[in-house]
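In what follows, a structure is listed as structure tokens, so that the remarks can point back to it.
Per-chain residue numbering starts at 1, and chain names A, B, C, D, E and F are given in the order in which the chains are listed.
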């Protein structure tokens, strides 16, 4: 009966995408459900997974929004944060 | 001072609707607030209710997305999951 | 497939209780599940309910903790907040 | 490593705005991150802040939706709830 | 910068355990972090995972608490829900 | 009517403390409520704040639990993560 909530910034990480793709969501759902079965023996049918995509300007880290954080980090290899 | 968060898939369950209707949201808010008053004596004014509608492809159960889960269950009477 | 999270302060509202009783929890779970079936047609088996009890000093309202808020409201009839 | 989730109704509080503005979001993120550093010594880089805006008809208080609550309170000075 | 919250019932699934073990928690954290890197390219350092264990009588499914649900399901192979 | 949830690891950051102290909780509640008033004009009475303390072994970052993460970072100045 696990409940898993995954929050990510809404942005494309696949070519041409501007948000998480249906295939990526399906992969996250399968991966998390498999993990809970493997580690805790939870049956797949009893695991709920909810994926929330959050606008980048609504997500903060380092005291600033994600876009601002990345601008400051540019050149420092942190663009994928 | 209760806080209640209700998450449901975004889909229509009333005729012609493609999402939870304003009337259904109002009924959920009233029902939950009444319940907390009846069971725990919490005054209505001190109960917050937040309803989140989640895209069906962002909700997983059985290791797959809800649409895929329903396709597999078709004929098995689980369409309302 | 609804998921409902109910957060309340940890305190007794039944005689002699210092927290939500098992009977009150069962009543909340039944009430919420019934509500989702009545309003949205969601089958009981597909509704998860999670109740969190939060220490009173970890819950804030009015800019202060709940115990402090109640002290200030004493005499004002807001003790049940 | 704090994680802070701020939920507000989606509405404009700045002139001409119909939702929380980017500047307001940035101010919330900075303010919360500063607070966690000042009170608990948490480094800014380790604090995540996620802001959710919730449609007003999906938020309930007093047993009714926010718009209905405000209509009832009109004249009572509670419009800013 | 993903944030993942995993909620499970507090109970032992390893021999002799009465709750999720430290090793199981570590496996969940590693598995989820690996998954977010593989599917979305998220660096491990930017993924937060929070595991909540919920008392069984505070978790509801089928309109009843988990212990009651399992009693009713006994013999039906649903004990692992 | 904002709702703010603050999650931090359960640990002492004040001398002799092993968890967030009542004074620190009160400071967080006041600070967040003040912030929402200043930025969005939300009245203090309509802001709820809930603070959750999470066991360190239940919080993951970098693919490992917080204690393990700090052991690896020791000497690198990241102990306050």
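What to note about this one:
Throughout what follows, a residue touches a chain if its C-beta (ideal position, glycine included) is under 8 Å from a C-beta of that chain, and two chains touch if they have at least 3 such contacts.
According to UniProt, the chain labels map to these proteins: A, B, C, D, E, F = Tautomerase.
Because the structure is a prediction, the values reported are computed rather than measured.
Between A-C and C-E, more C-beta contact pairs join the chains of C-E. The rotation relating chain A to chain F, fitted on Cα atoms, comes to 180°, given as a multiple of 5. A repeat of the D-F interface exists among B-D, B-C or A-C. It is B-C, with more than half of its contact pairs matching by residue number.
Of all chains, B has its CA centroid at the greatest distance from the CA centroid of chain F. Between chain A and chain D the centroid-to-centroid distance comes to 23 Å (mean Cα coordinates, whole Å).
Chain geometry summary: the mean Cα position of chain D and that of chain E are 30 Å apart. Centre-to-centre separation of chain B and chain E, using mean CA positions: 22 Å. Counting partner chains per residue, chain E has residues 1, 3, 7, 28, 32, 48, 50, 59, 61 touching two or more of them. Chain contacts in this assembly follow no simple pattern; the graph is neither a line, a ring, a star nor complete.
Screening every pair of chains for touch gives A-B, A-C, A-D, A-E, B-C, B-D, B-F, C-E, C-F, D-E, D-F, E-F. Residues of chain F that touch chain B in their complex: 1, 3, 48, 50. Against chain F, in their complex, chain E makes its touches with residues 22, 25-26, 28-30, 32-34, 44-45, 47-53.
Chain C meets chain B in the complex at residues 1-9, 13, 20, 24, 27-28, 31-32, 35-36, 38-43, 46, 59, 61, 66, 80-81. The residues of chain D lying in touch with chain B in their complex are 7, 54, 57-65, 68.
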